[in-house]
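Letters are used for the chains, namely A, B, C and D, taken in the order the chains are written, and counting of residues starts over at 1 for each.
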Amino acid sequence: MDLTQTRRSAEYQARLEAFINERVEPVADVADPDRAIVEGLKAAARADGLWNLNVRDADYGPGLSALEYAPLAEVLGTSRLAQEATNTDAPSSINGDALIRYGSAAQKARWLEPQLAGQIRSAFAMTEPDVASSDASNMAMTARHTGGEWVLDGSKWWISGVLHPQCAYLMTVANTVGAEGAGSSRHRKHTVFLVPRNAPGLEVVRNLPKFGYTDDAGHCELRFTDVRVGDDAILGDVGDGFAIGQARLGPARVQHCMRTIGVAERALTLMCRRAESRETFGTPVASRANVMDWIAESRIDIDACRLATLRVAALMDTEGDKAAAPHMSIIKVQVMRMATTVVDRAIQVHGAAGVSDDTPLARMYADLRALRIADGPDEVHLMAIARRELRRQSLG
Amino acid sequence: MDLTQTRRSAEYQARLEAFINERVEPVADVADPDRAIVEGLKAAARADGLWNLNVRDADYGPGLSALEYAPLAEVLGTSRLAQEATNTDAPSSINGDALIRYGSAAQKARWLEPQLAGQIRSAFAMTEPDVASSDASNMAMTARHTGGEWVLDGSKWWISGVLHPQCAYLMTVANTVGAEGAGSSRHRKHTVFLVPRNAPGLEVVRNLPKFGYTDDAGHCELRFTDVRVGDDAILGDVGDGFAIGQARLGPARVQHCMRTIGVAERALTLMCRRAESRETFGTPVASRANVMDWIAESRIDIDACRLATLRVAALMDTEGDKAAAPHMSIIKVQVMRMATTVVDRAIQVHGAAGVSDDTPLARMYADLRALRIADGPDEVHLMAIARRELRRQSLG
Amino acid sequence: MDLTQTRRSAEYQARLEAFINERVEPVADVADPDRAIVEGLKAAARADGLWNLNVRDADYGPGLSALEYAPLAEVLGTSRLAQEATNTDAPSSINGDALIRYGSAAQKARWLEPQLAGQIRSAFAMTEPDVASSDASNMAMTARHTGGEWVLDGSKWWISGVLHPQCAYLMTVANTVGAEGAGSSRHRKHTVFLVPRNAPGLEVVRNLPKFGYTDDAGHCELRFTDVRVGDDAILGDVGDGFAIGQARLGPARVQHCMRTIGVAERALTLMCRRAESRETFGTPVASRANVMDWIAESRIDIDACRLATLRVAALMDTEGDKAAAPHMSIIKVQVMRMATTVVDRAIQVHGAAGVSDDTPLARMYADLRALRIADGPDEVHLMAIARRELRRQSLG
Amino acid sequence: MDLTQTRRSAEYQARLEAFINERVEPVADVADPDRAIVEGLKAAARADGLWNLNVRDADYGPGLSALEYAPLAEVLGTSRLAQEATNTDAPSSINGDALIRYGSAAQKARWLEPQLAGQIRSAFAMTEPDVASSDASNMAMTARHTGGEWVLDGSKWWISGVLHPQCAYLMTVANTVGAEGAGSSRHRKHTVFLVPRNAPGLEVVRNLPKFGYTDDAGHCELRFTDVRVGDDAILGDVGDGFAIGQARLGPARVQHCMRTIGVAERALTLMCRRAESRETFGTPVASRANVMDWIAESRIDIDACRLATLRVAALMDTEGDKAAAPHMSIIKVQVMRMATTVVDRAIQVHGAAGVSDDTPLARMYADLRALRIADGPDEVHLMAIARRELRRQSLG
C-alpha cells in the first residue's frame, strides 16, 4: 500500500495553501462575506485550476485519486469558505459524484453541468425524523406512482444546504415499495428522485441548530406534501435508492474524515499556542505535564487517523469504493472520536475563551459532535466492524 | 456523618416539586415568559414559603442547613425559571450570603433587603479576560483611592446576570494594591466594591455565548472606565477581597454541584425514555448491552456524586465552610465531569435530536462544559487535592 | 442515612490497628509464617476480643452492624494474615453467616462452633468451569438421591481455601433437579450440601493461578466423583440452593468491597510516597501535573467508593440485605474498577519496581483484576443496574 | 511513504508461518522444551533460511529492510520459541546490530559471529535499580581505569536473558566520567563494555518476576563487584555509551512494537473465539453490543498501530534510524497502550479463565504492562512528543 503523496498532489497542495492564505483568509475576517465576494473567490479558484478537486472522474474534473485528494481536503478542512470557493463542499460535491455515475444525459445537462460550473448547488435528502438514521433501509417518505407522475409525501431532517441561495435541487430518497420495478427486499424498496428546490409542496419547516449554532445554508427539517416529479427525475432506476445511497455515503464519509483531520490539526495548533502563551501561577501552561500529555496524545491520535484515512483512500483507488467500505466504518468512528477529543482538550486549555466565540473551538466541537451521529452513529459502525471481525476470525 | 434528609427538608421538597409541576412547568412551555409571569410565580412562591431557600441564616431566610437544602437545589437544578421564582438563583443568592456576612447595616438596607424581597438582583464581577481564573490572587482591574473616591478601571468577563432588568449592583473585585489597609501579600491585594449597575463608566461590551447559546441575563464582558464609588461601597475592609471571594466561591460551587446532580438525573431520565421508545434494526435501543452499560454507569456515577455532595453539605453544617473547602474541590471536579459525561451519553442515545433544540441536552452540555472551566478548571482543583493528599501522606 | 461511625466501631478500629501494627506486621515480614505463629496471633486476637468481627448476629459474635464493621474490614483489607488472625477471612466468614441463618442445630455443632472458635475453616463450592459464573441458575454438578444418600458428581473451580490445612468442609451447590422438593423453576433447582473436605471422591485437580500468583490456601479446580453425603448434609431444604447462594453472595461482595477500599488506600499511600521520593530529570515525580492528577483522581474515586459502600452497609442494617441488593451491584462494579485503576496508577509511578515483587502492587492488581470477574463480572451487574433503572424510570 | 509489503517479505512470511505451524507449534505444547529440541528447531530454521531475519545489514543476514521485517516480527510475536529458533529474539538480536555497527574486528570474531551462528547469546545491562530508567543519562555504575584495566562496580536490574545457558556476554553501560576521552557532558559520560557472562565479580542477585511470572532466561538483578575487563572490551570509544544506547534502543523499541502487534492480534482472535463459543443467559457473548464494541475498537486500534509501526519502519529504511526516532516514541506509547487494553478486554471476555493459565492472556498482560514501563515509561515519551510538537508549532 503506497501512501506517498504524488508530485501532482503536492503541487496542488502548495497552490491551495497559497490561495487560502492570500485570497480566502483576508476575506474570512469579514463576518459574513457577501455573495459577490464568494463568487469572486470562486472565479479566482477556477481560473487557478483549484476547482472541483474532489472529482475523481477525469472527464468532469482534475481526476485526482482519493489518495491525492486527501491532503487537499485536509487543507480545506477548517475553511468552509475555501470549500465553497473551490466547489468542493458537501453535499453538492458528493451529489456530483452520484450524477456522474448514475445520471442520464439529460440529468447531467440540467443539474451536473451547472453544478460543476459553480452556478447551482444541491442537497441530499435521506435522513428522516422518525426513522433511526442508523438503519438506512426503511424510509417513511413515500413516492406513489399515479397518473404518470411520482407523488412524494413525508418529512426529512438535517438536510444541509437547502437554504443556500444557489441550492437548485434535492437528491431525495423515498420509499417506492409496491411500485413496478421496486423489489420487496429491504434493499430494493427505495428510489432516488432529483427534486427541484422550488417544487410546489416542498416546505422548509425549520433550520435545526447544532448546540446553539445555526448554519446559514441550513440543516433543515423539510415537509414534502404532494410534491410531484416525472419519471425523468429518477436517478438510476426504481429500486436503486439503497444502492445509490450507500455508494454515495462511503466517499462522503471519507471526505468528512479527511477534512476533519484538518480540523483536529487546527485545534492542536491552537492548543499549543495557547499553552505557550498562557501562564498560571507563574509558569506557562505548556510546561505542565498533564497538558503536555494532551498535546502528545493528540499528535499520536491525529497521525494514526491520517494514516488510517490515507489507507482507505488508497484502497478506494486500487480496489474500489465497495472493497474499501469496511475500512470506511473504521475511520468514521476513529476520526470523529479523535477530533472531538482533541478539540475538547483544546477548549480546556483555553479556559472560558474556549467555550465562547473568541476561538473557533466551540463551534468545531458542535460540528464534530454532530458528525459522530450523522451518517450512522459510532455504535452502528462498531457493530459492522465487529460482525466483520467475528466472521473473519471464525473463517480464519 | 449523618446524611439523612430531615423531615423539614422532605416537606419542603414535596411542596417544591408540587409548585414546579403545577405552577412553573405550564408556564415554562411558553417560549419566553414575560416579566409579569415571572413576578406572579415569585409572589406565589413567596406566599408558599418557597422563598430564599438557600439562605442558611435564620434571620434572613428559612434557615435550612446545607444538607437540608441539597435535595431542594437538586429539584431546582433543571429549571432556571423555578430558581428565579424561588429567589434562589446564582449569583444573587450567593451575593446575599456575602452581604449577610460582611455587609454593613447601610449596605444591607440598600442591597440585601430588596434582593431578599425579590425586587432587585445582582452580579459578581471577579473573572478577567487576561488573568487565568485559576489563579484568583492577581486581578488586573485597579481601584485607586483619589479625592475621597475609589476609581475602578479594567475589564471583567463572564459576568452573569448583568443584563437582567432587575440587576441593581455588581459585587466587584479589584486590585487595591498600594492602598492604605491593603497588604502587599497576594491574599491582601484585593477589595470588594458594591458598584451600582448604572454607575457611569460601566459598559457592557458584549454578551458571551457558550457553544452558540446566549443567555438573556447575560454572561458579559464589561469595561470599567473611571467608575467611581465611595468608601461605603467597600464590602468588609480594604484588602478583604481574596478572603470574601474564597468564602463566597465555596458555597457557590457546592450549590452548582447540587443543581448539577439534578441536571444529570434529568439527562438520565431522558436517556432511559429514549432508549425504551426508539427501535433500531427491530429492537429497542434499551436492550443493547452498550446502552445498558451507559445507563448503569450513569446511575453509579450520579449516586456517587450525590453522596459526595451531601457529605460536603454535612461538613459545611458541622465543621464550617472553611473546613469543608478541600472537599468542595473534590465535588467540583467529580460532579461536573460526571454530568458532562452523562449528558453526552444521553445525546448519543438521542441521535441527531440530541444535538438540536428538540431536547434540552445540547444546552445542558454547553452549560456544564463551561462549568468545568468556571470557578477554576478541573486541573486547578486536582492540583489542590493532590497537594493536600501528598501533605497528608507525608505526615501520616 | 446516618453514616457516622459509632464510638464502639471507632474503639474496635483503634484496637485493631494497634494489633496489626504491634503483632501482625512484625511477623508478616517473615516470608511464610508457620502455623504456630498464626495460631499465636489467633489466640491473641481472640483474647483481645478482636475476633469474628464480621459476625453480625450477637449470639455468635460481637454483633457489630455492617456499618460498624466497614472501617474494620478496610483496616483488615491489606493483611491476609490479620484477616486469618481475627477469623474474619472469606470464605469461612461468610459460610458462618449462612450456617447461622440456615444451619440445623447438629450442623451448627459440627461445623459452625469449631469454625467460630478458629479450629476449622471451610470453602464455598459454587463456580463451575463450564457454566458462566454470571448465570448462577444453572449448575452442571448433579446431586442424585439414591439409597438414602446424595451422590454428587461434577466439577467446580476457583474454590478458595480448599488447600488450607484447617479446611474441614465445603459448602457445595449442586443441581438437584428432579429430586423430591426441588422445583423445576431455575431458582429451585439447586441445593446446598455441607461436604466434608476429606469425603471420598473429592479430588483437588489443580490450584489455579491468578496471573502468575498461586495462593497457598488455593483457588482450586475440584473433581467430585460419586461423593456421598446424607440428608443431614443439606443446608436449609432441597431447592434452597439458589436462595442461599444469593443471600450469601451479597454480604460477601460487600465485605470484598470494604476490604478493597483498604487495598486502594494502601496503593495510594505507596503512590504518594514513591512520587515524593523519586526524582526524574532533577525534579520529584510528585511535582509533575500528570502524576498529581492521578493522585487527586485516586482520592476522589476512593472517597466516592467508601461513601457508596457505607451507604450499602447502612441499608443492610436498616432495610435488610435483600433491599440493599441492587446497591451491592453498584459497589461491586464501582469499587473493583476504582481499585484496579488506582493500583495500576501506583504501578506506573513505581516503574519497573511496580510490576516486580518489590512492592505489593502487582499482586494487588492480580487479585483485584480477578475480583472484577469473580462473583459476576462487571457486565452482569451493569445489566442488572440498567434494568432496574429502566424499570424505575418507566414507572416514574 | 510506500508501505506495500515486498514480494520477498511476503514469501518469507509464508514460509515462516508454515515453519511455526509445522515445526514450532507441536513442540510448544511440551511444557518446557529441552535444549535438544530448541537446537533442532534452530538447525531447521537456519537450513530453511529463516535465520537472523532481523539483521538489516546484508553482510551479516538476509538484509531485509525494517519494513520487510515488520510482518515477520508480527508473526513471531506470540512465540518466544519461534523467536529463539530463528535467532531473532531480544536482546541478542539488537546487541548484534550494535556489534555490527560499532564492534572491532576482534569483537566481531569473538562475540558477533558465534551469536549470529546461534552458538551464544547475550544480554544488555543498562537499567539500574536506583536510577529512573526514564533518564538514561545518569548511570550509577562506575568503570574506573586502573592499572590498564577497567573496574566495574554497581548494580543493574531487569537484565533479560542472563540466565539462558548460552548467554556469553553482557553489553554493559557504565559511568566513565572522569576517564580520559569521556566528556563531562551528560551525553558523553557513559561507555559500553562487553563483559563476559562468567567474569569474576559478576553475580546474579535474583530473577525478578513480572506479576508473579518468572522467565527461565531471567530478568535479573545483577551485582558487579570489581569486575575487570580490558580496553578491548570497550564497544566504540570511551564516552560513546549514551549514543550507542540510544542507537540500540530505537530499533529495539520498534521490534518490540512489531511483535506486540502480533500479540494483540492473537488476543483479539482469542476474544472473538471465546465470544462466539460462550453463552450467557441463553445468547452468545458475541451478540452483546458491549462485547461487539470491544471487538471493533480492538480492530480499529490494532490497525492504527500497525500502520503507525510500518510508517516508522519505512522512515528507518528511507531516512535512517535517527530521523525516525521521534516517531519511535509515538509507537512506543501507542502500541503498548493498545495491546494492554486489547488483552485486558480479552481477559474480561474469558472470565476467570482469562486470569488463570488456561489462556496465554494473563501472561501476555504481565509482559505488556512491564513493556509500558521498560525502555522509558509512557510519560517520558509523551513529554518528548509534546516538546517536539510545541517546538514545531512555535516555528510553524
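The criterion applied here is as follows: a contact is a pair of C-beta atoms (placed from the backbone, for glycine too) under 8 Å apart; a residue touches a chain by one contact, two chains touch by 3 or more.
Everything numeric here is computed off the predicted structure, so don't read it as measured data.
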Which neighbours do chain C and chain D have in common? A, B
Based on CA centres, what chain would you say lies at the far end from chain A? C
Roughly how far is chain A from chain B, going centre to centre by Cα mean, in whole Å? 39
Mind checking the centre-to-centre distance between chain A and chain C? Centres are C-alpha means, answer in whole Å. 54
Geometric centre distance via CA averages, chain C-chain B, whole Å: 43
Indicate the residues of chain A shared as contacts by at least two other chains. 288-293, 379
What residues on chain D touch chain B, complex-wise? 288-293
Over in the complex, which chain D residues touch chain A? Could you list them? 1-4, 268-269, 272-273, 275-276, 286, 289, 291-293, 295-297, 299-300, 303-305, 307-308, 311, 330, 333-334, 379, 381-387, 389-390, 393-394, 396
Chain A to chain B touching residues, read off their complex: 127, 129, 132-135, 157-158, 208-214, 278-281, 288, 290-291, 347-348, 351-357, 362-363, 365-366, 369-370, 372-374, 377-380
